[in-house]
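Supplied in structure tokens, the structure appears directly below.
Which chain is which? They are A, B, C and D, in the order written, and residues in each are numbered from 1.
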Amino acid sequence: MRPIATTRSAAGIPTGLLAVWWVLASEIVIFGGLLGSYVMYRLAHDAWAAQAEATNTWIGAFNTFVLLTSSLTAVLAHQAAEHGDGKLAAKRLYYTCIGAATFIVVKAFEWTTEIQHGMTISSNTFWSFYYTAAGLHALHVIAGAILMLFVAADAAKGRELHRVELIGIYWHFVDIVWIFLFPLLYIAK
Amino acid sequence: MAEHATPHPAHAHEAHHEEGWVKKYLWSTDHKIICFQYMFTGMFMALIGGFFSYVFRMQTAFPGVEVPFYGLVSAAEYNGLITSHGSIMIFWVAMPVLIAAFGNYLIPLMIGADDMVFPKINRLSYQIFLLSVIVLLSSFFVEGGPFGGAWTAYPPLSASGAYNNTPLGSSLWLVAVALEFVAFLLGGINFITTAMNSRAPGMKLYDIPIVVWFIVIASILFMASVGPLIAGAVMLFFDQNIGTGFFDPARGGDPVLWQHLFWFFGHPEVYVVLLPAIGITAEIITTFSRKKLFGYKVVLNTAIATAVLSFTVWAHHQFIAGIDPRMAHIFTITTLLISVPIAEMMFVFIATLYGGSITLSTPMLWALAFIGEFLIGGVTGIFLGASGADIYFHDTYFVLAHFHYTFFPIAVIGTFAGVTYWFPKMFGKMMNETLGKLHFWITIIAFNFIFIPLFILGAAGDHRRIYDYQNFPQLAGPEYFFLREMATIALIVMLLAQVLFFVNVFISLRNGKKAGRNPFKSNTLEWQADSPPPHGNFAELPTVYRGPYEYSVPGRADDYWPQNAAS
Amino acid sequence: MIERWVVQASTYAADIDGVIWLIAVLVGFWFLVAEAVFLWLIVRFRVRDGQSAQYITGEEKKQMRFISWPHYLVLVCDVFIVVGAVRVWVEVKQELPSEAESQHVRVIGQQWAWSFVHPGADGKLETADDIRTVDELHVQVDQKYIYELEARDVLHSFSVPVFRLKQDAVPGRVITGWFEPTMTGTYDIQCAEICGIGHGMMAARIVIESPEQHAAWIASQSAPRLAATR
Amino acid sequence: MADHAAPAEVHHHVNYVRIWQILLALLVVSVLGPMIGIKIVTLITAFGIAVVKAYLVAKNFMHLNVQPRYVVYILGTALVFMLLFYAGTAGDVMKHAGDNWHKVYVEPSATEAAPHH
């Protein structure tokens, strides 16, 4: 049973939504610390540009496309949920999950190729950052997709529709992180 | 401790006694039970940390002695003991007790809610915390022993088993710390959301008790500062275990980066545990001096100013650690600036006493001692924040004594103040005042006899984390050892005095006078619930009509005016 | 204040002690006033029969000044402390003596010993007559030295209490600084940053010698080595 | 507020597919821009466009514009703290030398060329 506390909204927005914003604030500082460190190191080591040459911009761009599109389906799911159409919302969330799966599969393929070519996490500190930052992001993608499956299953039965928006916001945040990772890791050469 | 849970007719679980116990105490989502889980785990860890301090203080004062109940201390063990003492006391005692336990207990009760907004996440938070405790304790038993590179874990020492000889211990330590952070992130989001969204009808921002404000500000501080260190922990873990070179200078890494990541968290962390302790003090001082808090908004503003400023001072821990000397100027200025709001906060508490009607009960004694002792910690910090003086004092026992004069008031005095004050509410029984005062005086006097000698030793050149000072001719004199022995003996006295507290708790639980709802005639909402409050806290959720500190309002018969009293 | 326990053996030791003294006076005064007021209030306003507490909000301007004035005074004290601290900091950590009037000495921390490279008779490092020692640094009184601080493995901290000098050694970095001894004698060098199991025994000695003694020491170190290389 | 009536009305004015198309167009520019090979163009097209994209997503998909103001402040504060961290740290980590210190690390780039696909 949900406590009465959860249903109050003295701050003007629903509790779940408020909590999601705080989660994102804490995520900003985690990624901020990691990417800030990366930028400092990158600017200190001009030679890393030669390493960055070996990243595959096309795969990165394709994954950006996949994430942007999955964000679109997530926000459309939210739209459907707002109209009370749980089935449609669930369907669109499943599309988003397919996007997440595509992203991970492409990433796995990309990493496999790179590791086969000797670019491992310990071969150079650029690659250490490459795998750590993208890996941390990929973990967020996976976690978000799993949560989304639960939300979608509920939504399909018309339950907890407000969660569609919450998982969507989280998903857009994951998208934004990638929007910055893409130029940082792939384009800047 | 069967007293503190009122039977709940809704869930009549007559099936199995053990299952009921597990459900009630281990698997509960009730914020009060989670408070007890955090508090007892924290106190258990405090016993371990306290025992460790006894062992290594014995070695420092009487080098080579066979420590009773332990045995001989080797240099590696010594490092492991001091590291574990530091990390346990901060991460597994101060944090769980002050933020998690008091936050869990007080926030829903004081804002007039029936529980946290996310009870299951609250339970998960404790379970992750418990896991972190288990991981940390397991590091004592692995090959090589626990991590021994100080709680700051500076690489390259912490990054390589070749340097620290504790490859497993250092990784387990890091994992435990990271898990602990996750636990408090979950808990913190719960606290913040609850306090923001679930206040009782009528409770405006300036009607929130200071302790709730401060715990929330502390949670925000924690959340905003810990991120870079979580990222750093991942990087260090990879350095330790899969051969990356984030902090390895031979591969383009920079060990100084870790110091920044660590202290960007580490300094706000001081305020993370300080603010709840000050909040507890505010509640107690107003209650036992029957006074309105002097300048509620001033207190709040100083806390926010402190919180923001605390993000700009971190590098004063690194003045001589290899950072660019020009940066030291900026951080000296910001560090001295932060003394202003904190000093102002202390002035406010002192001013609150003026014109009061002070009862020196046990909780009040603890609260007053907090201010008196914390002032010492505060003023000695100026020596360390001023770059020129820090050249000498850095990494001496002066630093150690300074931060024990802040952390001891926070973690021990603040906790005892809170526990003795809310004990009647938590367990429905009054505590024994005689035993409580005896415990108070022995603890406080012994505490000063521990750390004043250490101030002198620090000024005389004792540097920290030294296994045997006989290796340093300048520090091997008998007058030095006299001071070290004095501190050690005082420590033993203080640790033994804690038995009094546990005896007091035991006696009070068995034979204590029954506490009514509001034994101290206090205003805040938790005193309007039953003692102990049942699951769901209030029979009828309260409505708030006024601020929390309306004591001795002229023209009223009572000298208190509960927040939820309509008139 | 510090000189009661540790002698001042460098030119800037007295300045650092001076800052410490300045802070001690300023904050010591405030501390005593605050504690005195605090204790007085506790004694003065103990609970009495038939006397109830006053209702003071502390929000009015007239009342606020009881905390705002002390707080401005704290700010003023802070300014003095900042100025004092920064001046000493610049002197000790930023301004190096000129190359002409100073000698270089290399200090290397490693687990768990200090190695020192002295310039030898020619007064220059990186020459054949460099003198390497372990855990013993020989310097000449009233001579300016520029140290180059390095670490081989983990962080160490080069700390000479009689000089009031402390500087962490960071692997991957060379950190320079200076000192000028002002009295002869043999004193402790500590490692003030935890560096592993042997941290507690990483003790070295600094031997401050008169010019004659120092020359003799250089000669005694150089002679056998020169003989060996020939 | 629980039924979210007010924000829902605002949402209807946003054409999500349109935003998505703009985002894709920007993505193309950010990939093509660096191919010109001028450093300043790369920086603008890569990072400038990243900021624009993030803004579009935050505003239109996350609906930050219809949240209470303090939500923006919370997230903004977190970002500002990261800038603070960067400002305090870069002087040591990003530089090779400073006042009375220098790093001895030598890039092994000459001997260890980047591997290719």
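The rule is simple: a contact is a pair of C-beta atoms (placed from the backbone, for glycine too) under 8 Å apart; a residue touches a chain by one contact, two chains touch by 3 or more.
Predicted model only: the values in this text are computed from it and were never measured.
Trainee: If you tally contacting C-beta pairs, which pair wins, C-D or A-D?
Mentor: Higher C-beta contact count between the two pairs: A-D.
Trainee: In whole angstrom, how far does the Cα centroid of chain C sit from the Cα centroid of chain D?
Mentor: 43
Trainee: With chain centres taken as the means of their Cα atoms, state the distance from chain A to chain D in Å.
Mentor: That gives a centre separation of 14 Å.
Trainee: Taking each chain's centre as the mean position of its Cα atoms, how many Å separate chain B from chain D?
Mentor: 37
Trainee: Taking each residue of chain A in turn, which ones touch at least two of the other chains?
Mentor: Counting only residues that touch two or more other chains, chain A contributes 9, 11, 13, 22, 25-26, 28-29, 32-33, 36-37, 40-41, 44-45, 124.
Trainee: Please list all residues of chain B that touch 2 or more other chains.
Mentor: Within chain B, the residues that touch at least two other chains are 224-225, 227-228, 249-250, 252-254, 256-257, 264, 322, 325-326.
Trainee: For chain D, give me the residues that contact two or more of the other chains.
Mentor: Where chain D meets two or more other chains at a single residue, that happens at 77-78, 81-82, 85, 89, 93, 95, 99-101, 103-105, 107.
Trainee: Which pairs of chains touch each other in this structure?
Mentor: Contacting pairs: A-B, A-D, B-C, B-D, C-D.
Trainee: Show me the residue ranges of chain A that touch chain D in the complex, using the header's touch definition.
Mentor: Residues of chain A touching chain D: 7, 9, 11-14, 17, 21-22, 24-26, 28-29, 32-33, 36-37, 39-41, 43-47, 50-51, 53-54, 56-57, 61, 64-65, 68-69, 71-72, 74-76, 79, 82, 113, 117-119, 124, 162, 165, 168-169, 172-173, 175-176, 179-180, 182-183, 187-189.
Trainee: Inside the complex, what are the residues of chain A that reach chain B?
Mentor: Residues 3-6, 8-11, 13, 15, 18-19, 22-23, 25-34, 36-37, 40-41, 44-45, 121-122, 124-125, 128-129, 132, 136 of chain A touch chain B in their complex.
Trainee: Which residues of chain B touch chain D in their complex?
Mentor: Those in contact with chain D are residues 224-225, 227-228, 249-250, 252, 254, 256-257, 260, 264, 311-312, 314-315, 322-327, 330-331.
Trainee: Would you pull the chain D residues touching chain C in the complex into a rising list?
Mentor: Those residues of chain D that touch chain C are 99-105.
Trainee: Quick check on the complex: what are the chain D residues that touch chain B?
Mentor: So the residues of chain D in touch with chain B come to 77-78, 81-82, 84-85, 88-89, 91-93, 95, 98-101, 103-105, 107.
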